[in-house]
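So, here's a batch of structures to check.
Consider the two complexes below, in which subunit A is the common component and subunit B and subunit C are the respective partners.
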Partner chain A sequence: MVSRRIAFGLVVGGALALLAQSATAQNAAPNGLLIRAGKAWVAPGQALVRASLLVKNGKIVDAVARPTNDAKETFLDQADSVRDFGKNAVLTAGFVDVHTHAGSDGELAEPVESFTPELRASRAYDAWASAWKRITARGVTSAVLAPDDRNLAGGIAAFVDPGLAAGSDADNYFKMSLTGAALNRERRPTSLMGAADYLRERATELQNLAPAKMTPAQRALAAVIGGGQSVGIACSTVREIHAALDATTTYQLRTFLIHADEAEECLARIVGAKVPVVLRPLGLQSSRKQLRLPGVLQKAGVAFAFAGENDQDSGLPGLQTSLAIAVRQGITAADALASVTTRPAQIAGQSERVGTLFTGRDADILVWSGEPWDLRSRLLAVIRNGTILHENKQ
Partner chain B sequence: MRIALALLLLSSALAAQGDTLVLRGARVFTGQGDFQKGLVVIVKDGKIAAIGRDIPVPQGAKEVDCKDKWITPGFVDAMTALGLTSMNENEESNEVTPQVRAINAIDPEAQNFKRAVAGGVTTAYIMPGQMNVFGGLGVVYKTAGKSRVVREDAGVRMTLGQMPGSGNRSFRGFGGSPTSIYYRRPNNRMGTIWEVRRAFYDAMDVRETNLGPQLEPTAAQRVLISALDRKMKVRTTARHGQDIRTALRLAEEFGIAVILDDATEAYKTLDYVVAAGVPVVAGPPSVQAGFDGSTPHLDTLALLARAGVEVAISTAQRPDALPLVREAGFAVRGGMDRAAALAAVTSVPAKILGVDARVGSLDKGKDADIVLWSRHPLSPYSRAVRVWVDGVPVTKPSR
Partner chain C sequence: MNRLLLNPLLALFLPIASTAAQGAFKPDKLPETWPEAGKTKKAAKKPGATKDTAALRKLLGDASVTLVRAGKLFLPGKLGKTPRIVDGKKSWLAYRAGGVVGLFAAPDQPLEIAANEVKAKMLDFSDKPDSFAGPGLCDADSRWFVASDAGDLSVGAKGQLEIWQEGWKDLVLKSGITTVFVPAGGAVGTSGPGVLVKLDPEKGATQLGRPGASYYQLERLATRSTNLTRGAVVKSLRKALEGAKNYKKADEKWKKDFEAYQKKRKDFLAHYKKNPLKAGEEVKAAPARPTRRGRGRGRIPRTKEELEKMLERVPPAMRDRIRKQMEARMKAAADKAKADAAKAPKKTGDKAKPDDKKKAPPRPKYPKKPKHDRTKEALLRILDGKTVLRIEAHRAAEIKAVTKLALEFKLPRIVLVGATEAFKAADELRKAGALVVITPQTLPRQGMDTLEEHFAANAAKLAAAGVPVAFGSRGKEQGAMLSLYAARSVAHGMPEAQALQALTQNAIDAAGTSKVDTGMVVFSANPLSPTAHVLCLIRGSQVVRLQGDK
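Here is the complex of A and B:
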């Protein structure tokens, strides 16, 4: 990441780009940062006690528990700075928000036409938006900026490091919506039946059409039919969930559901379809039904993740709230932690980079004053790609 | 391992035995004629295995005591919006949407399915709303059970009268903006007919010119072409007398197979309906305010039935309709024969929908969709005590 960033800075050389980089360049550890804490959750349910993590070039180079004196020596040789957060500190991987519209100011839909699969959220991504600072301060080190729910086929979501310019590989899942927000009374479709019909019409157009003759919109749609690029389908009610799963079967899509508020009422169908679900964040205003849903899904074996959605500034620390409330509702800590780290990373197809603290992963590390699912715990530091983005006094 | 296998075989064998039911002691209405005493119904594997007097009962079958009770086939409601958001659910971005499918918007867990089951309705025809000239394709759907779809694309809805035009606007001064998708035809009854004829003529053009892949019919035109070829029934909503006559005239003009829906004022045009020989899916006779300003009469159903018209009683998607069994009671109040009224909610709608090989009557080999009533179902005091769909009880047993 760092080398790419430097290359990016050199090649583009734009004044703005340089401005964005300069803040991070000051803190960048050129040759090894050793992080020590009482415990590290390298993956959900997998703890290292008295952990030492060695970070180099934005990646995790090594992570060990109770290092021997020899290991300590080796580590110190490689690190030119050491941060010891004390025996109470707990490390987790940075949170991954797999469905957010933050910092986009309502820009993430072209609602005059509901079928815009070629639009790319990365083009609406404003790395300098103040929202990203707030969001990273709450522990989100990777985010997928998604087209919002107002279009049947909204476009292609962008996987970004919040606050950094989008990479050339930012394009992520294909976003669709079958919610009421996509049914506009002034253009097609006005109804769920019409949405299915519109999709069928566009899919039919692709038959017997050579790839060279396709428009960008047709290419984007062709990339998902038959199970290529994954598809996130926003749906809320039972009929919308059924419609999403019907489309999944008809076009052999690699689907995950977004919201799925009434998933409990059609659980068997979701279990049968083996699709993951990205839930709305849990908060103090969540209904009983919303609070119950993660437990219901866990029991049925449906993989779920929490998303930050609009990340309204409610004064609560974002995904940590969902994590804590999920644990309070009886979800195991490991499962709850997975729902904000490994699972969203999997859904975004980025497990090799983020979501865990294994060797070779991006050094996206959260330093907590206690267990992250305890709302009393504070973030002591947020580290992304080996750079300390935010730090709070102990 | 071997023991486990043996246990597995045993348990599955027991389950199969458990599937066999014997309904004995009730008066049975098979779908035609009157209630008969002494008939025994045997259910196996979700189907009716046998029905008759003094028939052999398989060993280990489960007896259901039906003494002093009444059995009918599960009712068939041939015009509903069950599982849809409302009776006006349409894709309103276009007037002509014959290709839009109701099945894409059905909520299988909707409360109104549960109410329908509790009222003895086990099969329903669900179709899009009345706000479009061509609303789309309907589906024959069970109200409960594991396998719900009976027949996809069983008919295409065409609506005459004022309803399709009611959401549209004309001039700016009348609330219309030229940029709105609702600034369009039709705005009245005549315009609706114009839209119907234009759509059919366009489809005929495409069918007859057949210019190759450049001029392939659209999905909408494919549906209309299959209607022109009489492969697809056209469910024509016609309430006023003149709309009914229009429907029959269009049927003749385009050679389409029409089923008259609602047909509120059929009493005014009885001769024409009889002469055309088209089936009628009538609206609920209890409802005293006709849709679209039409005038209902309580005796319409009796008149149609007596004149030999194939007539089914339906709730016609109306939220103010009573449960179907009560509507059948109102038809009797209006002079319809009891047996005809019961046939009009079972075997006749099944035949009109083209699903009579599976539902609507109690014959060997048909789906075991059965309702056990506490009294003669047309009695206002009757209640569905138990309902089976595909041989599986779908309501909680009650007294």
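Here is the complex of A and C:
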């Protein structure tokens, strides 16, 4: 009787294992996918006409323009499946949102403490949040989930593939905030001056302290001082921007500014400090100053990127709208495209993986019905790691 | 050779292009061949194109006309015609102060026309295949020049705007927005007619003479409403419109009374001119109006029948008591009347001239004029269709209530502003002939059904249902982004011509004024594309070429 039960269990178990295996095979990225389109922006300003991209194991294996018959044959040999999106379709690298709080439900700040450098946004990352699905459908294939602006030292941001579980290497830049949101009457610091003082106190504690004796918070701060780990400092007004740049100089930080709404007023100092800026998304409700800022920064030679998506549906796609408005404001299309692909990838330190369609990069590809900066263009398909995540009818 | 064989539709361009900006064009070098001869048959078959060379000849001789050729030409739909984008390579768009005159195909045969007869300006951008010519764009809801908050339908924007505000020139030069509609008081509450403001980078901003649409703020319900009670938001508007109707009736009655008064007065004066008053005689006074006391409560019945009728309205238990009281009052009144009659002096001469006395008309009394009410008069203009009514409503139930009201009061045109859930009430909006101005206020609100990329999807769905749509920024510089938002509607299925119509003619219609000259703009590309910039502005007979035009 017992042996019968064991035999039955083995049969059922085997069947289940087979089913699971077949399901995994169906979900996995096709081993060798050939993608064809009218044009591919492999990098901003570098276009391949009549492009063919070969994707294997989630990476771009080859990208060529006007492939010869031999090349076509070689590609077809290596591809299990072919997707031809037509001659009007345009390929770009997946968008990188370098500063987002999406899907966090307000869980990205510690309300009691203002100085929490050891906190990790990856711990608050909810891969199943519906916001990620929406964001991915709008073309964001990589995002940096950052602690929000309520803490002076918010913690460590997480580089994630939206909707996929965060890996152990998710830790990214260190997030600080000098905005009004971080200055709380209920706790220190209560003023910008106090914030600088607070930071100095914490930095002084680190002097002559052996790493073994450091607390996790001190270790996190020590990794930043001296330019080890990059720091994103949220600041909006001229005073806050100056305070951020002061901290950059004092502690030799590898800084980039977040928001920096009044950057135009202290442009010379930003140019001198050579810090990139992550701007708010542009939309119909953006102020005149915000609309002007990308053009001003471009003219001054300051690298900028757009942060885009959040939980709220703003009615239009965030990064694509920013891209279109930037072009309307006079930014060159290549520069505008860089501000949502290569530059955020560089700021996040992931330019070897994402932001371009060069060989060896992650196969994060967006397929558009026209140029991506034209809002008439629709996103036909979102491909991440070689797998088609979303597909819209033309 | 005083007459030349000309191809005025192509050849004259070159000398003009460089001189147009400097003033009137005088062609100095005219080619004698017509490169397009024999190739224009296809162009002539295009819808809207005309081979009326006589009309073309007439236009060429008109110095106020500008003929424009570009890669694409946009013709907005007016008077029921659908908007269309045509290939501009073989057609010319004729423009004159006042608006687009029409679209003309290049004629089959060369025109014989003397050089000195060609006075029209001709701008040819056909060497730029992406160039795009069409009317100037309009922001259907702008906050430029807004000075103060108005709170009355009778208080219009005209004369209250800060027309001297600066900073709008980029809007024209970069985005091709040549006209903005400014609601009175920034539409923060009920306000009077707004104003269309023409933006001219050289002449400055000028207000259009005719008043535009008025804005009505719907009632805000104090308590949480349901779908069944949301119709209450139009309660105050209904009351106001009914009040306006009654005001109109009272006014019409007064006019009739006034006519009768004038007639009576004429008779009265004629009588006394013929029969002058003698010493001691008095003009017969007009009969006194019955007082409220005489007609209403507390009136003393004159006869027993009247008393019985009155008692029918009294509770039976009280009837005897009231009867006694009334009978006592009737008796007292009769006694008083008798006593008065006895006291009154007997008039002399009554018997001597009975006919004359009968003929003497009483002095007519001037009819009481209804109190002048500017708000009601503003509402009357809305009821008569002279002023367009703009209403901000978001929920589908509220929108349906507004459209129902519009049909009930036969409002010729209403404009819904915001209209978040308009896509759910598209049929009602179409039946009511409403126009919808999509603004950023249509961004998703709590508790409302929204679509993915709502701003654009809502507009596209309305356009598909046959509801005209316009776009409004509710801001200043933000107006420059409207064409991008219209472009997004194209991604959601709105035809490009409809999207351009929303930015041009529909925006003008939403402003409540029609036949407005928004000028002509030549863009480097379709204005829905973010790469488009303005190459040339044409306003009246003035042509402004911009630096970007090389």
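Following the convention adopted for this analysis, the second predicted complex is superposed on the first by the 363 of 394 C-alpha atoms of A that agree within 3 Å, B and C clash if a C-alpha of one lies under 4 Å from a C-alpha of the other, contacts with A are read in each partner's own complex, and residues count from 1 in each chain.
Everything that follows uses one rule, which is that a contact is a pair of C-beta atoms (placed from the backbone, for glycine too) under 8 Å apart; a residue touches a chain by one contact, two chains touch by 3 or more.
Keep in mind it's a predicted model, so treat the numbers as computed, not measured.
> With everything superposed onto subunit A, say whether subunit B and subunit C fit together or clash.
With subunit A aligned, subunit B clears subunit C, so fit.
> Between subunit B and subunit C, whom does A:288 touch in the aligned arrangement: first, second, both, or neither?
The second partner, subunit C, only.
> For A:239, decide between first (touching subunit B), second (touching subunit C), both and neither.
After superposing on A, A:239 lies in contact with subunit B but is clear of subunit C.
> Considering only touches as defined above, state whether A:191 meets subunit B (first), subunit C (second), both or neither.
So A:191 only meets subunit B here.
> Scan A:200 for contacts with subunit B and subunit C and give back first, second, both or neither.
first
> In the superposed arrangement, which partner chain does A:378 touch: subunit B (first), subunit C (second), both, or neither?
second
> Closest pair of CA atoms, one in subunit B and one in subunit C, after superposing: how far apart in Å?
Across the overlay, subunit B reaches subunit C at a minimum of 21 Å between C-alpha atoms.
> What part of subunit A is shared between its subunit B contacts and its subunit C contacts?
none
> Taking the complex as given, what residues does subunit A use to touch subunit B?
Within the complex, subunit A touches subunit B at residues 185-197, 200-201, 204, 237-239, 242-243, 246, 265-266.
> Which part of subunit B faces subunit A closely enough to touch in the complex?
Residues 83, 85, 89-94, 97, 99-102, 104-110, 128, 136, 180-181, 219 of subunit B touch subunit A in their complex.
> Once bound in the complex, which stretches of subunit A touch subunit C?
283-286, 288, 291, 312-317, 321, 324-325, 327-328, 330, 333, 369, 373-378
> Can you tell me which positions in subunit C touch subunit A when the two form their complex?
For this pair, the touching residues of subunit C are 167, 174-175, 440, 442-444, 450, 452-456, 473, 475-478, 480-482, 484-485, 487-488, 490-491, 496, 528-531.
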